[in-house]
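Naming follows writing order (A, B, C, D, E and F), and every chain is counted from residue 1.
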Amino acid sequence: MKKVITFGEVLLRLSTPEYLRFSQSSNFNADYGGSELNVATSLVQFGMQAEFVTRIPDNDIGLSVLSQIKKLDVGTDFIVKGGDRLAIYFLEKGAAMRGSKVVYDRAFSSFSTLKKGMINWEEVFEDAGWFHWSGITAGISQDTADVCLEAIEKANELGLTISTDFNYRQNLWNYGKSPGEIMEKMVALCDVVLAGDYASQQYFNIVPEGNSEADFHLSLCKKLSERFPKAKKIAITNRVDSSASQNTWSAILYDGKNILTSKTYEINYIVDRIGAGDSFMGALIYGLHHFDDQKTLEFAVAASCLKHTIYGDANLATVAEVEKLMNGDGSGRVVR
Amino acid sequence: MKKVITFGEVLLRLSTPEYLRFSQSSNFNADYGGSELNVATSLVQFGMQAEFVTRIPDNDIGLSVLSQIKKLDVGTDFIVKGGDRLAIYFLEKGAAMRGSKVVYDRAFSSFSTLKKGMINWEEVFEDAGWFHWSGITAGISQDTADVCLEAIEKANELGLTISTDFNYRQNLWNYGKSPGEIMEKMVALCDVVLAGDYASQQYFNIVPEGNSEADFHLSLCKKLSERFPKAKKIAITNRVDSSASQNTWSAILYDGKNILTSKTYEINYIVDRIGAGDSFMGALIYGLHHFDDQKTLEFAVAASCLKHTIYGDANLATVAEVEKLMNGDGSGRVVR
Amino acid sequence: MKKVITFGEVLLRLSTPEYLRFSQSSNFNADYGGSELNVATSLVQFGMQAEFVTRIPDNDIGLSVLSQIKKLDVGTDFIVKGGDRLAIYFLEKGAAMRGSKVVYDRAFSSFSTLKKGMINWEEVFEDAGWFHWSGITAGISQDTADVCLEAIEKANELGLTISTDFNYRQNLWNYGKSPGEIMEKMVALCDVVLAGDYASQQYFNIVPEGNSEADFHLSLCKKLSERFPKAKKIAITNRVDSSASQNTWSAILYDGKNILTSKTYEINYIVDRIGAGDSFMGALIYGLHHFDDQKTLEFAVAASCLKHTIYGDANLATVAEVEKLMNGDGSGRVVR
Amino acid sequence: MKKVITFGEVLLRLSTPEYLRFSQSSNFNADYGGSELNVATSLVQFGMQAEFVTRIPDNDIGLSVLSQIKKLDVGTDFIVKGGDRLAIYFLEKGAAMRGSKVVYDRAFSSFSTLKKGMINWEEVFEDAGWFHWSGITAGISQDTADVCLEAIEKANELGLTISTDFNYRQNLWNYGKSPGEIMEKMVALCDVVLAGDYASQQYFNIVPEGNSEADFHLSLCKKLSERFPKAKKIAITNRVDSSASQNTWSAILYDGKNILTSKTYEINYIVDRIGAGDSFMGALIYGLHHFDDQKTLEFAVAASCLKHTIYGDANLATVAEVEKLMNGDGSGRVVR
Amino acid sequence: MKKVITFGEVLLRLSTPEYLRFSQSSNFNADYGGSELNVATSLVQFGMQAEFVTRIPDNDIGLSVLSQIKKLDVGTDFIVKGGDRLAIYFLEKGAAMRGSKVVYDRAFSSFSTLKKGMINWEEVFEDAGWFHWSGITAGISQDTADVCLEAIEKANELGLTISTDFNYRQNLWNYGKSPGEIMEKMVALCDVVLAGDYASQQYFNIVPEGNSEADFHLSLCKKLSERFPKAKKIAITNRVDSSASQNTWSAILYDGKNILTSKTYEINYIVDRIGAGDSFMGALIYGLHHFDDQKTLEFAVAASCLKHTIYGDANLATVAEVEKLMNGDGSGRVVR
Amino acid sequence: MKKVITFGEVLLRLSTPEYLRFSQSSNFNADYGGSELNVATSLVQFGMQAEFVTRIPDNDIGLSVLSQIKKLDVGTDFIVKGGDRLAIYFLEKGAAMRGSKVVYDRAFSSFSTLKKGMINWEEVFEDAGWFHWSGITAGISQDTADVCLEAIEKANELGLTISTDFNYRQNLWNYGKSPGEIMEKMVALCDVVLAGDYASQQYFNIVPEGNSEADFHLSLCKKLSERFPKAKKIAITNRVDSSASQNTWSAILYDGKNILTSKTYEINYIVDRIGAGDSFMGALIYGLHHFDDQKTLEFAVAASCLKHTIYGDANLATVAEVEKLMNGDGSGRVVR
């Protein structure tokens, strides 16, 4: 099986311990994460090979993130060094009615000043079969959008499968271009799309219709499918937030004709929901390499369901654990 | 808007980490709290000005609490120093069927030996529009009851609005007077009362009647209203404890004629319920300065609901967060 | 009241903090536990006298466990020293759909190489009225099974009441004997049995029948009762795992004729479920010394319910706390 | 060998972690200590039997200290329960030029309100051969001084050896009596005295003379010996503080005729010097039971030297460790 | 006494716990500091009034630093909000031969993009008698240098005393101007200067001469004095680093004619040396308000000596503690 | 440059926090180490390629150590899985006169039951230029000694340079063979030997002679050189322990003719001395690849000196840091 390449920014994640508010804490837990790294981590956890491509500063903080990625066993051969700083996000963990809070300090990061030509995509894509990127990368700066397009075009030229996660972030897209202008060309070359209602509207002014939730999702998928005919698979996750501690979680998968619907899970209590979408994406890519569509969907939902019980950005669940849950054992019994 | 004065004792709060029992822990988290300080903290969080009046020992522990109060931005200009020790309470946090446990070590504290004349109330009430005290202060010692009455009478004379929280504590009231004897004169001068069934009976032998909960509460409010005609607003919070980790929470507000009823919230999971009543009181005072009665009630319930998700005695929620919940968003979604 | 002797292995319990996976944690909490020690701890918590008999290595780790057992006030007079190492178990705490994970490192322990004659059972049983052991001890090694049988026969000879917990562990029983071969003689001398469906099948090929759960349990009890006529009391706990954070918990007690059924508790949220069965067993022994059968059963279920809210292997609940819950107060209100 | 009884107050010790100042820390380590408990702990560590007699409150904090003393294996049979609160001391650990800081919150403690007759000294002294008390107990309140004298007189009557540590604390002795008035009768009945220059002056107006340090100490010992002829052994420890992290440590022992002088140790770096004097006293009592005077003195100095490397109030060094240091191995080599 | 204004950047300080290297730690302690804030904190600790002027982002991290400064009781009335991010520095604490390591992430901070006119200096300097700035502020960006000059000129015009600390940082001064070009005009208006050999050379090409250390320092002071005639007091601290854990520390003060020399302190062991120079500066300003020159110098050296024993950027020593050390008591004895 | 292969056991290191004794701590830090892994880690830190060969259990604890080794960037391609358990060592950190204490729980480990043939040495040594082993591996079991000899012979056959560290551990060598019997053949094939006085006597009855330390070392080297003529380089480290917190450190290197002597370092204060010898060995191998003998020796001493300032088993110092110290800068100045 050929390896998967993911491309994006890695951030230092500084979270307050327990449920402390920012102003209460004199201590941060220090971890690392980022949407596309999380996808790569999931794939490696499942036994596939993945390389994460990014740019980090050439200082001790950059070296720490590098050793952390190595610990996860994700490939680091094409990580380039340079620029000023590593992006940071601060996390205050919520509970019940109080949602978690994320404060970004990602401006001026090494990744945001990456330029075309700094990464030799030809070399990166050798032995690779799949390329994954997300809307976050496109929204960071004109530079990262340019490099991302450069990568997508090269991947397309070399015949790799290309996947994207819309991942719309309102605090990005500040560099003077409308999201649609940038994303249109990039999504047009993708084979697999993890979309979302709000993102579809923000990016492409696509507004789905329908009276039932099922109709609504079908409408969205059809409209996306018409707009982006290369996209053979379109997935949408569906979270119902009763509170920060309790959610239901499910997803759908559209193959151009039919919509498949997953089981719905009630998750209580939630340890850490950051990275749930990324863990879905990672499991989806794994599934599409190994299973039929229905099993792929169930695998991706179960995997991302487990992510909610795991601290940190990355999903550290194994294939065996995901399959156990898929097959109906969500009992949380002690494993001895 | 004129500032609010609250008066009471501040305690060092020593809590076992996580869910450890007292005998298991070799470590305490050190925080500070106290009913009336918590009210002041809520007001300051909401953007109002509040002064906390108390007496603390003139040693390093007293100085630590002082710097902590300053951090919260509550006024400390009228805190007097002297006496032997700071009161302490030990807290063991419960879960599910095991309730949290509080052990008080508050006897002989600096506050309990405060004497009349030590605080220049005339000076304290300059520029102030509201005075808040609670039944805890009255129950600590004859001295604190005397000083509290001194303050209430001066506040009344100067035309401040006066509020009280009944806050009956069975482990207090050991100084030889019956609670009713002391509280009668003090409550008689209050404009706003946060009452409770059990406290009303302990203090004033008031036993409400009624077949439904609504009738029962109305009866209690009417009886209190007759006994204390100056009290224009009477509020009662209503907690249903399914377990230490899961509660429902609501409240009522009586304006002398009608009872207003709030939304009911299901809180799961609870981070820290200590100080919930105080956070309600603080938000009630804020509401009465800014909103009509119904909105005031909803604001106070939503604010105190959020308190359950916040570690420590004090409610560190902001007006924006409370209004978001009031307006129906208790989804606990990640705020990025 | 005569003292209770329990016999088994004590393990060093190394658990990751919070909900960290093994690979995430650079830190373990260090506690001690073991099924039969947990039973003794429960009894001592309830005010009875209990001695724990085991073998520990004569090194600093052995001395640490000794001082820990002394702290719990469990008798240590008959603990013998020698052998190579203390058994260890590593614990990764689960949440929601992800169950906790236990990795045993118990091979070659001091206890597993205990030999007949090393413990003077005559001396141990002086002043004792009850002996408790469990299937874990029988499954560790031929040696521990031999010593356990030696103890059971001596206890029987001296007229002590004997209790057992089936406690089938699939990762044990590796020393070349079938469980049934070993357990048959040992259980035959017991007066009180804490059984289980799966264990009964693994040990004795007993498969209960019945259409309803009630019939099923009755059938199991009858079959066990016929096979082991000395067993006057047979108990079975009943856990329904909705998730690692949320369970229902109840039990039955059979006296040779009738099945008594306990209340059912919904536990949410679970702090630590390790040792729940042991806390049931300890409370059962306490109950049989103090109450009638129905009250004994309710006491044991309430006690083990509270265990789920307590960190560590041992149930640190008191009789007063258990009776409060038995009498219907599971509200988790703050105790001041 | 008969057991040793020590009598005094146990305090909850709340220390800031690392080197944090009081105002910096939101967390306290919780331990327990007290001069006379520390002496008992040393004796038990060395293999002797010791009972600690005190009074603690009958609440969760009192029970926690009880379980902690049991863990140390010190006898608790004569600890009585009652009164309001456990004494507390807060500790801020110093380094280099900044000394550690202790804030006492010991007023109104359960121990300070102990009354004559509450402890049955006849029963306590059965099987005992030695009684130890210190000047702290005498200085707390008239009540504790009375009970201490009651104990000393009974011990004297029953022929026990009696030892005392002067332990002058300037923040005590507030109950209206001069220290000398109280201490005179008590010290007069003692056989072994751990004295000090400053304390001797404060208690008895004894001012030693001499040009050299040796003369000075000899003069002090002679004057004490004349005043208290029953005292057969008088010891004085000698600390030279270069800084909070670095000290030299030695001692002398006077037998009525000659002064013995110990080796001098340079201690760098100091982990925790609280309780050093108590660890000397405990080792002195142990030595007087086992060795000649010179070896006793060297044992006591080496033991208390090791205390400086051990966290907490109590000396957890063993006889073997002390003898290793006495015999010249202070290399701090890794013991594998 | 009129208040002191200090102006500069406040940084989030993220330090690894204990002595962990960056790559070893999954946890940071979160504190705040910055050269000029540290000066203000010292002054407030000593009982003077000080305002800290800076610019912080209007987000949760900015608000946390604000509440932290309030806790220190430093005035925050003129702190302006805006811009992108709070500057950060990462700290790895060294020991013995391994020096501590600082990684800055201060580019693009809110402070660095402060513009002229954003701060109303007229208002700031009302009621103020002293203005302090440092070379760090001048080196951050053209903007901060411009605002700093604006402040200095206004302070000069209003007759405030002006002090500076050269504080040369090689990783700053990247905005295209030579340090000398910028600093010349700014230092020319200063009355009190904390200089240094290396900084004097980097900024002004001043190379002192002399065979002895005394001659060398005198030469430097004379040359600075000639170049900047308004500077009535020039101070230089003198650190001899034997290792990261052990230093000697002293200073000199020049008044235009004579050089005064302080006592020399040997500091062992060092808790935290970050901010030592700032604590010297703060104590110097305090001294110049209260003492003659020699006492001022001794006060400043003793204060900064104590800083080495205190965790964090800020010196939390009091006047009494500093005077105790000045007067020769560096024994580090326990203060009870 | 060809890669280095090291072969040995990796252990889970469980250390008490701060300076807590085993019986005081309810918490262990969890790290990993082992003499030969430490050597490999040093080499990788210095930029060389190294593979660590061992056997670990196929469970979560084994997988955790694997991910930890990957984080260090040491090659893991030839680590085999199987067996029962990972070896453990417990560490209590000493200070001043109290040495650190190590308790081993390494019996029955996966590594100790490794058999000949399980590792394909031919494959391992492809592309390798150096093989390193130590006396620990030889002392664990007959099996590990057999496999080690198998490796040495194959390495010798393939022309690799072979190095060994005598590393005599008295708690090993329990499998019935005398150390000399086993070690003779193994050392005979080595090119580089890190020896020691005590080990040389224990292994080979070699007792050096001489009046001065220099003569003594020369004598030892000559005797070793005669016995093992293949050994071209013999090194000995020289530690003088003043206390657990303070040591001097130096070494010598013998090339068959001359003895080279290194600088001597005074280390104060020591963070963690475990692994100092291994860090010397690693740096020696690095040096012999890059420098002449004198520089190699100085590099190895400086590197291992820095190890004393770094927490954990492994030396995380870089070449630049080591060279800075070699070149005389041990000032421990802050690196900004």
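The rule we apply is simple: contacts are C-beta pairs under 8 Å (C-beta built on N, C-alpha and C of every residue); 3 or more make two chains touch, one makes a residue touch a chain.
Note that the structure is a prediction, hence the values are computed from the model and not measured.
A repeat of the C-F interface exists among D-E, B-E or A-E. It is A-E, with more than half of its contact pairs matching by residue number. With respect to subunit E, maximal separation of chain centres occurs for C (centres as means of Cα atoms). Centre-to-centre separation of subunit E and subunit F, using mean CA positions: 45 Å. For the pair subunit A and subunit D, the distance between C-alpha centroids works out to 63 Å.
Counting only residues that touch two or more partner chains, subunit D has 23, 26, 67, 101, 268-269. In the complex of the two chains, the subunit B residues touching subunit C come out as 18-21, 23-24, 94-102, 104, 169-171, 241-246, 268-269, 273-274.
Within the complex formed with subunit A, the subunit B residues making contact are 265, 267-271, 305-306, 308-312, 316-317, 321, 325, 330-336. By the touch criterion stated above, subunit F contacts subunit C in their complex at residues 14, 22-23, 25-31, 59-61, 63-64, 67, 84-86, 88, 90, 92, 101, 103, 105, 107-108.
In the complex of the two chains, the subunit E residues touching subunit B come out as 67-68, 70-73.
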